[in-house]
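Labels A, B, C and D are assigned to the chains in the order they are written; within every chain, residues are numbered from 1.
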Amino acid sequence: MVNNIQKVGFIGLGKMGNPIAKNILNSGFDLTVHNRTPGKMKSLLDAGANGATSPREAARGVDVVITCLMDDQTELDSTLGEDGLLAGLEPGGIHIGTATISPSCAATLAEIHRTNGSHYVAAPLFGRPDAAAAGTLLTYVAGDEKVIKACKNLFEAYSRSHIYMGDDPKKVNSIKLTMNFILVCLIELFSQTYTFAEKSGIEPEFTQELIMTVLQHPVLKEYATRLRLQEFEPAAFKLSAGYKDVELMLQASSDVRAPLIFASAIREKFLTALANGMAEKDWSAIYEIARTNAGLT
Amino acid sequence: MVNNIQKVGFIGLGKMGNPIAKNILNSGFDLTVHNRTPGKMKSLLDAGANGATSPREAARGVDVVITCLMDDQTELDSTLGEDGLLAGLEPGGIHIGTATISPSCAATLAEIHRTNGSHYVAAPLFGRPDAAAAGTLLTYVAGDEKVIKACKNLFEAYSRSHIYMGDDPKKVNSIKLTMNFILVCLIELFSQTYTFAEKSGIEPEFTQELIMTVLQHPVLKEYATRLRLQEFEPAAFKLSAGYKDVELMLQASSDVRAPLIFASAIREKFLTALANGMAEKDWSAIYEIARTNAGLT
Amino acid sequence: MVNNIQKVGFIGLGKMGNPIAKNILNSGFDLTVHNRTPGKMKSLLDAGANGATSPREAARGVDVVITCLMDDQTELDSTLGEDGLLAGLEPGGIHIGTATISPSCAATLAEIHRTNGSHYVAAPLFGRPDAAAAGTLLTYVAGDEKVIKACKNLFEAYSRSHIYMGDDPKKVNSIKLTMNFILVCLIELFSQTYTFAEKSGIEPEFTQELIMTVLQHPVLKEYATRLRLQEFEPAAFKLSAGYKDVELMLQASSDVRAPLIFASAIREKFLTALANGMAEKDWSAIYEIARTNAGLT
Amino acid sequence: MVNNIQKVGFIGLGKMGNPIAKNILNSGFDLTVHNRTPGKMKSLLDAGANGATSPREAARGVDVVITCLMDDQTELDSTLGEDGLLAGLEPGGIHIGTATISPSCAATLAEIHRTNGSHYVAAPLFGRPDAAAAGTLLTYVAGDEKVIKACKNLFEAYSRSHIYMGDDPKKVNSIKLTMNFILVCLIELFSQTYTFAEKSGIEPEFTQELIMTVLQHPVLKEYATRLRLQEFEPAAFKLSAGYKDVELMLQASSDVRAPLIFASAIREKFLTALANGMAEKDWSAIYEIARTNAGLT
């Protein structure tokens, strides 16, 4: 491992990879790129990058090789095998993985590099292609702290900020999945809300305002804190009263013929809570059901 | 109906009703209160309110009677029958219903008053007991516009603002349920998020920060707009890629033994979308599945 | 109450009611019928029944009045009010309710009759219109045992057999709902099975054979017994192995793009069981999760 | 490939593998066994089997090698690599895979053998350890028909019957998963039924009888046929009436505090059907929703 990163390999020039690689090149690094479909390399070669015909070649002689691929399988395929980056990387070399992969695959990659005498840094990307182009991505990074410090300039070349989260690469991938989980749940929540509201005669513009009002309401921080501290007594709104409202939602969803699938799932949690003596607690105490189901006490 | 509301009846002195009634009294109205459990009337009687032994008596001789009760059944019970408020209310009298009731019950109440020659105003409360005490509740109101204008001072006595939403009382109750739906979904979302994160080794303080960061992220407004306009092409993040992430969430939830019930429900929507040729659209196009299931084109 | 039932009122001549009334008439009872849409009475009047213009009139002077209506609301409407059967029924009269109604509505009707000095017998119907026509319905009955014995001939006029289930009318309606629950779950199970199988290249004829083979397999009785006795050790098939199979089903459902919604719901129960230390028990021990969620120990 | 199978290798001596291997040995085959934990080989070695230290050795010089392992990963691990069975198997050799694996893994194994010049036969087991011991397992087999015919005596050594299902190994694994899907759904259905019934005051013995009565009722064959033929008109029981019953189940489940999670999932399908104009069809027409969601027309 060198302290002055100069030579960088980059594998995967998709919607995210392309603008990131460009920012790295523009920051003055000596960049070698590889993409399975060679045509996508052209704009970077034109801009001064070197081309490589395989992950192995992209990793040969560089200080750091970055992968920006699709999933577990493509990450593993690019790393292992005859043409994999591991076959090209020198002892002490660094592999920065930016894809959204499973925490267990991140752990596997870290283990492979440890055995190999090289370093794996998990650094999933937070942001979309426009943020990648603007260099305003957020990156949580995990791995050997010294290695990550050595890569400071490189991270700064394509991220607005990078935050060190310890040495466990599983963890930052779990964080990435957690964020995407929240996001996709919100999209589905919006979907159900717009649908139910439209069938109830509420104009979509008003519904959007309603959604944004709730999302920005200070009460959400109170609830997030209450759950974190597991403080459900005294109740601000009793679980039994909350259950009544959930049943009203379902009745209304039935009346207007618009399934509210999250309300159905939540109804089960309220019923479970009521069957287990929690009627007088705050309605946010349904958190306890999620904890019990995960074996937490 | 009078244009200068002076005499007000108030039925239901619970956690919300008590502070609201107090604010009305403090604003100079001539107030008569009733509560099924008489002991809860004491503090208001001490403060100068008149006491009534039944809803009918509370409605007798007043300009407006307000109900602040538990649910459909208690609203109907207080309105109808020998001792109901309808038996006491004079022709042209006004009934303001503040409870969270079903939209269909609100329609029934409006119809009952229409037949009776009196007025029903649906005015569900947005805010919790502390907002009621501070007089900072938000109220969406629906009913006869002239009637609502006549009640302006009364609404101002207990609400920070009241917003006229037309003459359909079902609608404001649908809005109330929509807001509560969003809220309870967020609570359950927080529950699953904290649980999954904790079992993945992420500290609750960090998880809370993550949750608040996503909720306040500008991308949510973009998604809410995209859905409202039903613009799913070109994709910022393809549905097929989003599906891959949903599967990763479920795999991780399996690895750490923490069910993510919303992710399971969402998985079904993604699979349905993929089975119906939507792989290249933006992942927020799962909205189309919710619409189809509700019979919207 | 008389011991020799002769005169019978019958309210509700729909798909079920019509053939039942005909069988009662054919058995020699003196029958008076009522239907909201009078046209549906014609074939019975032609066959010798008397016509009534209201539930009250149908109940006047008879020993027993039978209702065969749609739901809670129509049962209550036909019973109560100025034109309700209660207004016509003599002291000690009997009301046999055959509709599928909520257990709580059945309890309400029983209480109303008790107060009124008459008798309510809950007797929901098991069977479809063809069984009603053939007189081969099965009836579970609950109410006063002497009253039910007095109605023996009447039950025999339209049922293959009637089984006394004690004096609680809620119970037989719960049994009816339980049977319909099993039935509708099987229909949905068939739906998912045919869909998944077809998308996996399996011919529908073969799938039907497969379904019928499993339903008639002796192992199901073993499972039903195991659950009843709550004997989950030693395991015939470990919960951890069962979970693996559930994940394989979901993976295959993903591969062929056919959501298996029951498998998703079941996956959550297995994960909950595994998170709570049940990996070594028989996979049927997921029953314990259902019990816990219902507050049973 | 030989036409007279004599020498058999057997890998995986677990609960299923052990009795199967014993039956094969008892039928006079020359058997070589391998198990990862060597201790489990003892009883077979004592009975006259040869021992092998690796899958490769177990496959060396035999006509057929059978694997009876846990999952996709163990099947692949035993097949591939330096010590895998493929390294030992002679050209034209046969690999019979009996594990419950994913259809896609079965396809992969078939492809690997095709490339290798050997044969893969998918033959998942239907039955539990007691059936394995009694030699009464049922086996669906897929692969090259001539190969399967050559193995006739071998299949008969451990199965009551083996049924040829064509040459696609994915298909028989899909059939196995379909059967297990039906089975696990029934177990979960029993769980919900017993729980709801117990909380409704119904004795478990009676509930078991009820369950068995429905499962053996001829109406189920009618429904299975109706779905297969997609004949939903005329309705025997209208979808709108069926929906009413589903709502009654949910109301009762709420009253007794026992979540009926399948009823919640089914409610969504009924609502979707009603929102799309299917009220007058037979209630079994919810099958059309499952088909639509899977992209079938």
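We take it that a contact is a pair of C-beta atoms (placed from the backbone, for glycine too) under 8 Å apart; a residue touches a chain by one contact, two chains touch by 3 or more.
Just so we're clear, the structure is a prediction, and the values are computed from it rather than from any experiment.
Interface of subunit A with subunit C: the two copies contact each other largely through the same residue positions, with over half of all numbers used appearing on both sides. The chain with its Cα centroid farthest from the Cα centroid of subunit C is A. Look at where the CA atoms of subunit A average out and do the same for subunit C: the two points lie 48 Å apart. Chain centres here are Cα averages; for subunit A and subunit D they lie 36 Å apart. Inter-chain spacing, taken between the CA centroids of subunit A and subunit B, is 33 Å. Annotation for subunit C: residues 257-259, 261, 265, 268, 271-272, 275, 293-295 touch two or more other chains. By the touch criterion stated above, subunit D contacts subunit C in their complex at residues 70-71, 100-104, 128-129, 168, 170-171, 174-175, 177-202, 204-208, 210-212, 214-216, 219-221, 223-225, 227-228, 236-237, 241-242, 244-246, 248-249, 251-252, 255-263, 265-266, 269, 283-284, 286-287, 289-291, 293-296.
The touching residues of subunit B, counted against subunit C in their complex, run 247, 250, 253-254, 257-259, 261, 264-265, 267-268, 271-272, 274-275. Looking at the complex, you find that subunit B touches subunit D at residues 268, 271-272, 275-277, 292-295.
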